[in-house]
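Some structures are shown below for you to check.
Two complexes are shown next, each including chain A; its partner changes from chain B in the first to chain C in the second.
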Partner chain A sequence: MTRNKYVVAFRIGFQSSLEYRFNFFLSLLSAAFPMIVQYYMWTAVYANAGEKDVFGYSYREMIMYTILAAVVSKLVISNIESSIAEDIKSGGLNKYIIQPIYYFGFRISSYIGQRLMYFTISLCIILALTYILNTFYSLKTEEERILIFCLSIILSVILSFLISYAICACAFWLSEISYFFVVTSLLINMMSGGIFPLEIFGERLQQIFRLLPFHYLIYFPVNVLSGKISGHQIWQGIMGQGVWIILLLLICHLVWKRGMKRYLGLGG
Partner chain B sequence: MNFVIEMRRHLYILMLFAKNSIISQMEYRANFVTGIFVEAAFLVAKLLYVVVVYKTNIHIDGLTPDTILMFMGTHILLTGIYMGLFFNNFQRLTEYVRTGMLDLMIVKPISLQFLVSVRHIEVGMPIPNIIAGSIMVSIGWSASDIPFTLLNILLFIIFIFIATILTYCIMIIPPLLSFWFVNTSAASEISYSVWDANNMPKLIYNKWIQRIGTFIIPVFIVTNYAPLIVLHKLTKVEMVWGILAPLIFFMLIRMLWKQALKYIAVQTCNFGCLRKGEEESL
Partner chain C sequence: MKSAIEVRHLVKNFEYYKKEIGMRQSLKNLFFREKLVKEAVNNVSFSIAEGEVVGFLGPNGAGKSTTLKMLSGILHPTSGSVNVFGYTPWERKKQFKQIFSIVMGQKSQLWPDLPAGESIFLNKCIYQVPDADYRRTLDELSELLDVKELLGVQVRRLSFGERMKMELIASLIHKPKLMFLDEPTIGLDIISQRAVRNFLKYYNEQYRATVILTSHYMRDIEDLCPRAILINSGTIVYDGELKKINTHQDEKKLIKLHFSEYTTLELLKEFGDVKEFDGFYAEIEVKKEEVRVSMQHFLYRFPVVDFTIEELTIEEGIAKLYRGSA
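Here is the complex of A and B:
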């Protein structure tokens, strides 16, 4: 019986994700702390501001954003940089060069396998939180909005993988890379609205961020679900995600092609 | 007398560790500079909270944005102290357990807990936090009209010292868990989240969270007590608890450390017996 090699990579990824499942639940728990800080901080802010909107958000919208963004940021974060960089640095790519398998295909299959269970659980948590928040604040999220959110979050996960994969190619040029990934992931989290909504950065910076793909990772899907983005803006956003996925596929192809020319294959 | 001699000996060794760490870090200057950049990036993320505080002109239980800045500055300053003294060592502790290096370190003629806690002092990474934290405290101090007296400065420094001991006690717990569990990355992630959650004055939280953060996991003492004492907002009960807490929690950590070592000793003994049995059967 012949088995598709990418299906096997997917299955191995899925099995490895089951190994440290308790660790995953604890990492979800860690998302609760920034959520609590921001909840109390925004409550104090709105207690001062009264009924007024702050950064264009009502109190309910801000709380919803804070809670959902914390979980979504855990969901879309890829964490593949160090293992790919290790392959590049220690010559681990050698075996993929001589084997009849595309490294990109292997990585994305393994990544989907690794994230599938966490993705499903996180999605259930997000939907449960949305239901609780809606009940608490007497709001309603339409079924179509939930479906569009699911679509946008799938595109966000793909986008996140491609951004990380493109950044990983820097390991072909840089000697010390581990610190670099810490900085890039932090900056991406900030620019994608994972810490605060992008409105706090002011109009000018926000316009710059809109030209980049990062706001499609957290800011866009969260605001789709909370109802802050509506009408044609939703479809514009989905189109934007699609366009960036295509662009990043192209960027990944080009940078990895150039990077492979520099690859020395030491070790392995 | 014996205590004083031991104290002097350990302080001397601490200075040697610091000197040794500086020399080794100067060897890899690129890493030294990169470390500063990484911490500067984390600092930018923390400063986003300052932006929100000032842009929204938030007032918490009579605390103005300037006073809140002092609390945030204290948090950033303590983050710098933690990064400098303990972060590197706590990261390595997990590795010592995993690779068996701890077994070799036990034989050294010095307290093992002291050795693994302060052996590698980081010089570059704390720089952005210590500079930014000190500036923020100074701005907040001056804008809050706190008298710049010797007593106030002394009290602030004493509570920063108390906060450092408590920081040690709180942040060593996840690496200590690695004696029992292999993968403690999520426990560390939680401790960092708890640490970062401490960047706002405790007064924004409800009473129960304040009690838990003060008496059970004393993170709120770390950031809040130094500014509160100079603002004359620390009650007598809180002041007494602020002095007792580092002693109590340090003793608890010492007990946990001994338990962890006992566990490791039993595991090593079991492994030794197993090996001996295998060799005999061969």
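Here is the complex of A and C:
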């Protein structure tokens, strides 16, 4: 058995997540409802459009995108904001300040532990869905594409954790924060392509969105899998994810340093 | 004796914004906020010797937790110095973190979904306690607190008292030299309270650990702390032996009288401070030197059937100090 504190934090996170398995399956089930609504919506849109492509997506691609994005967003979006903000607001952070352990390291290891099982299950569901959709629409997804998708989704999870961690730092300055996270998570879900493909928002907004890290969370991995993005664009995307991970590590470090100063009563 | 904690002229000010009641004031506050300064801790100095158990008392909002937070390095002071076993707490050196722990009755550090043993093991790894020491300490503490069989039970399913005992084990697994206990018996039943007190006493004697205890239960303080530091409105109002808290003030005794017939309050008032009265029973505070004379009058002039003469309770003395300094 290992003795490293972060590995133990990971293991404990994993064990405690098993307590909430029913919760997890319910949340997967809840993802199915918007999927059905969107299915009918797009079916109607395409029937009335009279064209083959809408926003550059064929009917099949759009349905595939909608279904995959719904599951990927369940997998990627972290929902850790409220618990970290709670630590900041109610003094739970004190415990980590007085113990010889880094809060960030502790949080990320226990987070990975908590998500590991769900991550694996969601990934299996996504692969199964891809297979089903492929047979249904007689398409083919190359194995190579699946492997790159897995890589990009791992990067997405890390990126998503860092984005949430940076946003949580707002709790150092704002005292009423619970609804703030409802707003940010909605915005992030939208800007990351978790509801619609980004093409829907029009050329200008799309360009802004591409400057932000959010589209790497859902839009990018889903389109890698569905084949919408290919060739050197894939590697550009992976690079983009890597760059944003480094940038966000820096941002997290800076805002948490400022925040901690305030928390510890140094002013600022 | 070597001193464990040295606190010199410690000051902590908090800035906050004035809020007034009413719609108009709220709107005004959106644009213009008046900044105020609260002196939470105001020029506090004391020193605590190694192995000492000190009760840290004060009404709510007196500055107890703020002081404890500065002693443990959670807060930076506005000014002043603190030396804890040679360390300045807010530098938060790793070696400093190894030597102390905090137990808070109000806040759990255990993972609710897992057996307490897991959280204790996590702490072992955080503090890098060697395996053999860990096993020995865990055995010893869990046996003392009689919770050995419960280490594998989910924390959520433990009773409040059992959970508190687990908290104690988790925070003592690295054998800290210094403990900050913030209301460790809050919400516990009498038996659990006693168990926790006995345990703390044992731990202090066995390991010569220095303990700072805050509690609103006088029994905790009386049982454990020979010395008390009273803080009110950010300043120390008493620092010394707990037993002498009363003699420190004007010397009084409490006379309790039972009457066989209804008696009026007015007649009793001239003898001293009437604390309680219901016609057939009275409690009166009387100056020590007047006790003899007063008793003669009571027995002579009132239908007394029973009486006792007692020391003022420590609680009464503390309440007086709180009031007197506020």
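In this section, the second predicted complex is superposed on the first by the 259 of 268 C-alpha atoms of A that agree within 3 Å, B and C clash if a C-alpha of one lies under 4 Å from a C-alpha of the other, contacts with A are read in each partner's own complex, and residues count from 1 in each chain.
The definition used in the following text is that a residue touches a chain if its C-beta (ideal position, glycine included) is under 8 Å from a C-beta of that chain, and two chains touch if they have at least 3 such contacts.
Please read these numbers as outputs of a predicted model, since none were measured by experiment.
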Worksheet item: Is the arrangement of chain B and chain C around the shared chain A a clash or a fit after superposition?
Response: fit
Discussion item. Just checking: does A:97 make contact with chain B only, chain C only, both, or neither of them? Give me first, second, both or neither.
Written reply: second
Worksheet item: Of the partners chain B and chain C, which touch A:15 in the superposed model: first, second, both, neither?
Response: second
Item to complete: Give one of first, second, both or neither to describe whether A:118 is in contact with chain B, with chain C, with both, or with none.
Response: neither
Worksheet item: Looking at the overlay, what does A:137 touch: chain B (first), chain C (second), both, or neither?
Response: neither
Discussion item. Going by the contact rule stated at the top, is it chain B or chain C that touches a larger number of residues on chain A?
Written reply: B
Fill in: Contacts of A:187 with chain B and chain C, given as first, second, both or neither
first
Worksheet item: At the CA centre of chain A, how far apart in angle are the CA centres of chain B and chain C, to the nearest 10 degrees?
Response: 80
Fill in: Least Cα gap, in Å, left between chain B and chain C after the two complexes are fitted on chain A
8
Worksheet item: For chain A, which residues lie in the overlap of the chain B contacts and the chain C contacts?
Response: 20
Worksheet item: What does chain C use to touch chain A in their complex?
Response: 12, 14, 69, 72-76, 90, 92, 94, 97-98, 100-102, 107, 109, 111, 113-114, 118-119, 121-123, 125-128, 131
Worksheet, complete the sentence: Within their complex, chain A touches chain C through residues 3-5, 8-9, 12, 15-16, 19-20, 90-92, 94-95, 97-101, 264-266
Worksheet, complete the sentence: chain B contacts chain A in the complex at 30-31, 34-35, 37-38, 41-42, 44-45, 48-49, 51-52, 55-60, 183, 185-187, 189-190, 192-194, 196-197, 199-200, 204-206, 209
Worksheet item: Which chain A residues qualify as touching chain B in the complex?
Response: 20, 22-27, 29-34, 36-37, 40-41, 43-45, 48-49, 54-55, 175-176, 179-180, 182-183, 186-187, 189-190, 195-196, 200
